[in-house]
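In what follows, a single structure is set out as structure tokens and then discussed.
Should a chain be cited, it is by its letter among A, B, C and D, assigned in written order, with residues numbered from 1 in that chain.
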Amino acid sequence: MMNKEQYLDSLRKLKPVIHCNGRRITDVVDDPITRPHVNSAAMTYELAFQPEYEDLMTATSSLTGKKINRFTHLHQSTEDLVKKVKMLRMIAQKTGTCFQRCVGFDAMNATFIVTDKVDKACGTNYHQRFIDFVKYVQENDLMIAGSMTDPKGDRSKKPGQQVDPDMFVHIVERRDDGIVVRGAKAHQTGMVNSHAMLILPTTNLGPEDKDYAVACVIPVDAPGVVHIFGRQTNDGRRLQGDIDTGNSEYAIVGGETLTVLNDVFVPWNLVFMCGEYQFAQEYVEYFASYHRQNYGGCKAGVADVIIGATAAMAEYNGIPGASHIKDKLIEMIHLVETMYNCSIACSAEGHKTPAGNYYVNTLLANTVKLNCTRTMYEVSRLAHDIAGGFIATLPYEADLKSPETGHYIEKYFAASPKVTTENRIRMARLLENMTGGTALAESMHGAGSPQAMRVMLYRETNMEQKKELAKNLAKVKV
Amino acid sequence: MMNKEQYLDSLRKLKPVIHCNGRRITDVVDDPITRPHVNSAAMTYELAFQPEYEDLMTATSSLTGKKINRFTHLHQSTEDLVKKVKMLRMIAQKTGTCFQRCVGFDAMNATFIVTDKVDKACGTNYHQRFIDFVKYVQENDLMIAGSMTDPKGDRSKKPGQQVDPDMFVHIVERRDDGIVVRGAKAHQTGMVNSHAMLILPTTNLGPEDKDYAVACVIPVDAPGVVHIFGRQTNDGRRLQGDIDTGNSEYAIVGGETLTVLNDVFVPWNLVFMCGEYQFAQEYVEYFASYHRQNYGGCKAGVADVIIGATAAMAEYNGIPGASHIKDKLIEMIHLVETMYNCSIACSAEGHKTPAGNYYVNTLLANTVKLNCTRTMYEVSRLAHDIAGGFIATLPYEADLKSPETGHYIEKYFAASPKVTTENRIRMARLLENMTGGTALAESMHGAGSPQAMRVMLYRETNMEQKKELAKNLAKVKV
Amino acid sequence: MMNKEQYLDSLRKLKPVIHCNGRRITDVVDDPITRPHVNSAAMTYELAFQPEYEDLMTATSSLTGKKINRFTHLHQSTEDLVKKVKMLRMIAQKTGTCFQRCVGFDAMNATFIVTDKVDKACGTNYHQRFIDFVKYVQENDLMIAGSMTDPKGDRSKKPGQQVDPDMFVHIVERRDDGIVVRGAKAHQTGMVNSHAMLILPTTNLGPEDKDYAVACVIPVDAPGVVHIFGRQTNDGRRLQGDIDTGNSEYAIVGGETLTVLNDVFVPWNLVFMCGEYQFAQEYVEYFASYHRQNYGGCKAGVADVIIGATAAMAEYNGIPGASHIKDKLIEMIHLVETMYNCSIACSAEGHKTPAGNYYVNTLLANTVKLNCTRTMYEVSRLAHDIAGGFIATLPYEADLKSPETGHYIEKYFAASPKVTTENRIRMARLLENMTGGTALAESMHGAGSPQAMRVMLYRETNMEQKKELAKNLAKVKV
Amino acid sequence: MMNKEQYLDSLRKLKPVIHCNGRRITDVVDDPITRPHVNSAAMTYELAFQPEYEDLMTATSSLTGKKINRFTHLHQSTEDLVKKVKMLRMIAQKTGTCFQRCVGFDAMNATFIVTDKVDKACGTNYHQRFIDFVKYVQENDLMIAGSMTDPKGDRSKKPGQQVDPDMFVHIVERRDDGIVVRGAKAHQTGMVNSHAMLILPTTNLGPEDKDYAVACVIPVDAPGVVHIFGRQTNDGRRLQGDIDTGNSEYAIVGGETLTVLNDVFVPWNLVFMCGEYQFAQEYVEYFASYHRQNYGGCKAGVADVIIGATAAMAEYNGIPGASHIKDKLIEMIHLVETMYNCSIACSAEGHKTPAGNYYVNTLLANTVKLNCTRTMYEVSRLAHDIAGGFIATLPYEADLKSPETGHYIEKYFAASPKVTTENRIRMARLLENMTGGTALAESMHGAGSPQAMRVMLYRETNMEQKKELAKNLAKVKV
């Protein structure tokens, strides 16, 4: 296992091409725009060495028997699935935001299942190849970006029907030593501070989409890979101090990129699907369900911080005991624990796959994320309600620090005598950071948009059995 | 274990005093008002003998090592807690309503914990006495009514402050051979078809309320016990046929009574608390949390039937595929599975008590029931939406069967040619039964009113820790 | 204008054929099943003679210049539209339920608009004929049932495509002296205590549906008319006393019927549409929009009573001042006044039609009813929350009055010393009556089901203009 | 009346002291941070000269009989109140954000009422003095900032109890020629581009708070006035181009300031309250109710743009016709029109005050804003849902324009062939701008926080009358 420093050093050795705001980011570890995202991911390394979190943060490899970082683990029990959720909540309580590493974690577990299925059906040998890859990841404690979402172009068309064939990643050449892929992956969480990306399909495919059925691993700095770093809410504040960013240590969400693959070569030992289009849909579902499982963990942890910040703001404002404030805090708790319950339940109700790892209950996992798309908006709304209009009109950090205006701000934004004005502002900026813009949109679309969950909920429900139940009671014979 | 017939026979041997609508009910098994409630409870006996439900419906006694009906079991693992939830959902899918037996089940597990605690603290010997009682229940497969809710009188006053001291059950005499209790218990689910009731306190108590700290068992037909049967929505229809009741086999909710205790004598071997007021509050909390755990089981099962009936109605109306209907069915599924998740999660996250049985996670158990108080109203609303105005204006069963009007009804309430008008009406009547009046109110107040859960959610949350998390991220030092 | 007694006398002179629960109702005024519905409608006559309500309850006829009951009025201004809403709220506060007479009121105003349009387009003379009819209604102060909803059969098929051609009312014969119609109208509010029904189409029609394009007036006791009275929640209690019905004076909703038209002859002077299918859709929309306007009036009045009953229950329980109770009452007020606002706004924003009467703003009128389908469920849920589990398990009136059990009920259901137990029970029964079953379903489907409003909201919105606004601000040229 | 250019020129003549991000803003008209806010306010001048908006944008002065900008008008009818709402919606459709001028408009109408009341009760002569001021405003078409919200310090304490007496604006000296005031006003909308501010109290006051009972007018550049400009979401993007700001022309909300009053002198002719503490509470309520009236106007206009942008995004993504998208758009429309209805209704139900101007219905006005605090969050949530994850991860404008990366972005963010990638990004940036951070928080707290409305709703409801209604129907005598 790597510790935090080793992780940072390992990133310093990579040379990914990253564009951001018209310039190149050459040092992800120390660039003020990417540094907080790196810090978040680094937390997954750091906590693995803290004894009190050992049980959650580490596991025993089913492949090597060695102690590994849980983020590289293949789940061996429902207990492992539950621990994943608890680990995510615990880390999020410390970062207040996404720490990115679950995407690759989920992609690996999904790929483990699918390569086994494909091999059994098609006589291929992806599974052993993938096991070798996972061993390597476990031993080197790598951070893998899970790369699913293609740009998708015209949403009314399948990959093969698009005007531009590159709107979904596809194989443009099959060679003796490997394949060449082209396309791009959008919304790539944690990409710039990962070691490699695990490419997988993003939608169900038909026979005409064969070249789009591709899964493989590509180093983040492989030739032909270009990353364009996305713009986040209030990103510019990172260049100007530490108060106004709200969460200066860990930023917001996962530092998403558009990652372009310009005819990138992948050797066969890193190719795990190559044309088996019939398995694309279930591949997507395995990954998506594992990933939806997470949101009652990490978002509950994020929400714990929001609840705490809101309670602190009420205290700073001088009215922690008002009944309507307590009632709103309870509502936030209720919503968040409900979301958490869904993650725990879909884990506890998981089952062993034919490949040997454990998989969540699909129906229940889809409720997790659908709740999240509502809960986080409601929690943010209630946080705004209690915090006060203040969070929308706060002065600039530079004016707080300026001798000309700082004393006015100190004086007039003072509230409860128990807190300094600066601390009150810091808490408000944290809330601002966590309850608007990018953070909300991620709660909506991370791990798939609501309609995707709704389709799954319907598909996973046995409606005929439910109708039978009703007919029995209504004494309806047909 | 008793089977269904043995249960019915056992009821026939009891002679409880039951008043209902100005008359006496002398035969609960065959009286048209109580019969469907008996049928619901009987399902807990019947299913225990069906091989496919053996794993859910039965358990191995921790006291005797024998196979017992799960409803008499002391939970021995979190798996037992999860199985309880699944058992409740499964039975509710078959009855479409409350089958009443969980109340005593929960009261027994709570009493097992509390008697152990009291004995350790006070040197009493309630626990062994209670174990003897549970053995007897297990061997005779008795149905025990859990009797918690006192009438409470003026809600702004504690038991000892009430104008009438009998508003909470209390000890009026301590004798050599036992105690004499007076008072009443309201909303007594399943009482008239139980064998005995397990009395426990309903609120926290102070030293001045010592006589109100009483737990004991009383046969339903003990001298001095009077039951007044509550009136339910559309109860009169049970006397008039089988269509209009909607669920003629299993009725609505649990046939609740006001059970009056007129100076009832209880021998010491059936007394499990007698004055230890300091333990009243946690007794209430143990019972309530166990009982709140259930609602994502039984109400999810009830809701499965509602969803099925709604889907069937859409089909009968000729428009099962309309996108807005599918979307509403999905919303119902989402809400119901979310509620179910809460029950599964609070069970999977349960823990062993010092007494040796397993107890749910209190925080999570309180989210279950708070969700239920919203979910069942929303599910009912969506069911009404899809079913159509029809459910509010349907003609009488007698008119459907009358030669003068039956042909009009047959003709004009016909819809899809795939279903007869009578069956369409039957399905609508089932929905009417399950989505209004008594059924809704029970979803609100069974296992406690929403405010009770809210108080618990706040108490069980570590708000200081959450504030610390926020302060760390905001870099606030104080 | 008729007063209450004259109205009752006028009903006694009619001889409608009414079937109910296997028997004939021969005297709607005094039959215990229909009497409370008659009382509700009678309120529209009674209040018209009370000076304090004269401004709301009466108007000056635009046809005769005489003072008339507002329910027979053709709206002459937006002020008239606003007064209609206020009148409805005021009456509903006194009846706690539907008083039925608005349906015909709305049907008349819609028919006034449509007959004018049809005449102008087709050279017919329906409009003058209809004016003569309205004059007659005004002078005799008749109660007209608005008869729109056909049984509809298979919802996936148009009238002409149904297996049974009678699923929508249609013309089966055109004679020199009039027409003969066949079919039925379902959910007919107030029918049995109206003088006549105004038949209108229920859906848009094509050229093949010409015979279904029919509007006409039929006396409720015309030969061939058969009424089958619908069964309401807890209707049987009306035969057993006055407490358990909750609202013994005024019942629930509008005493809906299935009204069968067996080849009923209608003379030409009472025919207002006969084949002009092209106008069916807008006819439906005019009627529906007028009718949806009402719900923020009458349902707000009903909800005022629910709010008052809930506040009273909190008081009777001894805890009127608890902050969570006050907060829930506020939420109820907020929801109800919001719904009322919609009715006021769609009225104030009304406009004059080419026929000369005033019509509501269609877009806004559709928000009224869509809100109602949510508001009344939420209001009922909050009422249940505050009132307590009591409303689901109350004893029978007969047991309260029985010497054997009455004293127990008096004793144990006593709460605040300020109220008798009987009064506490009465209030709970009122709440039970107003918040479940038939009452809720009517809030959902009266004046059309939610999807009907949603379709109208989309149609009435200028989405292209909204997109233009966005493009201007985003500086998007195409 | 001034036109847009005259307004800009008039601002250029003022010399307010404005601090922002550690520097001074010396030219509000052309500084990139303030310019878009100026543009929004300028719209209120520009549209007044457009014939199609003349009826909404202008009025006839009740004081001079001259044509004036409506924003300087004293409402003379409920029609004026309705026109105000329609004007606000129309302007917001053009700016997509706050145009600031209603605050002073509302403050003037409230002051007109209160000065009349105070004079009548106390024999003062504020009212005529205020009329002279309004005439001056009307003739010079000034923009007046309404300055109510004090910093408030410790929320558990009244003004006179604060540790620092300056937490509420107060009189520090009474001189022959005027008064001297000290304190600050927070969240001052439109302040830097107004001509003067109208100070009014922010809370109810007791006899000990006499010095806090002050209303007066102060030029924005009076000696002793210091403005500190608040930081908004993504404000830094204004310095970097026009795409990423989303709404580059008109910014977000109202450019709020903390405005410090350092012993500012105010001559008597501009003092309208000076010690009459008994009128503070109703002053606040008049202003607040007028201001809450607005939100169903301006926010509905803002939401119209959001709905349009969302519909456009669905189109750009290639799936405008998907049923779930249409359904969500309908939900947005429903919510927005409901909010609008509340504004229309509270206006139509307004009444004449003893001072002669018209005032809204207080109860109904408070529902407007309470709805807004939910509606705008829900509308934003639905907009995010439809727009896609894209809005959280979009690349920087600089990268779109860079020759190195622009072609990748063009290629991979292309969707429907009907739109360019840049336009798709522009639309997404507009949505991002309008649905997060500052914009949401303003919907919550502008015109008061939700709890303020809830208190008013309860106070304005006649609960005793509602209880009477229920008692009548339940036949409860006491």
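Here is the rule we go by: a contact is a pair of C-beta atoms (placed from the backbone, for glycine too) under 8 Å apart; a residue touches a chain by one contact, two chains touch by 3 or more.
Just so we're clear, the structure is a prediction, and the values are computed from it rather than from any experiment.
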Contact-richer chain pair (by C-beta pairs counted) among A-B and A-C: A-B
Rounded Å distance between chain B and chain C, as computed from the means of their C-alpha atoms: 38
Chain A and chain B: spacing of chain centres that average the CA atoms, whole Å: 40
Centroid distance [mean C-alpha coordinates] between chain C and chain A, Å: 52
Shared interface positions of chain A, touching two or more other chains: 324, 327, 454
Chain contact topology (line, ring, star, complete or other): complete
Contact set on chain A toward chain B in their complex: 82, 93-96, 242, 246-250, 304-309, 311-312, 315, 326-327, 329-330, 333-334, 337-338, 340-342, 344-346, 348-349, 363-364, 367-368, 370-371, 418-420, 423, 426-427, 429-430, 454, 457-458, 461, 463, 465-478
Residues of chain C touching chain B in the complex: 19-23, 149, 151-157, 163-164, 166-167, 184, 186-187, 226, 228-234, 236-237, 244, 253, 256-258, 260, 317-319, 322, 324, 373-374, 377-378, 380-381, 384-385, 388-396, 398-399, 401-402, 404-405, 408-409, 411-417, 432, 436-438, 440-442, 444-446, 449-451, 454
Chain B partner contacts - residues on chain D that touch it in the complex: 323-324, 327
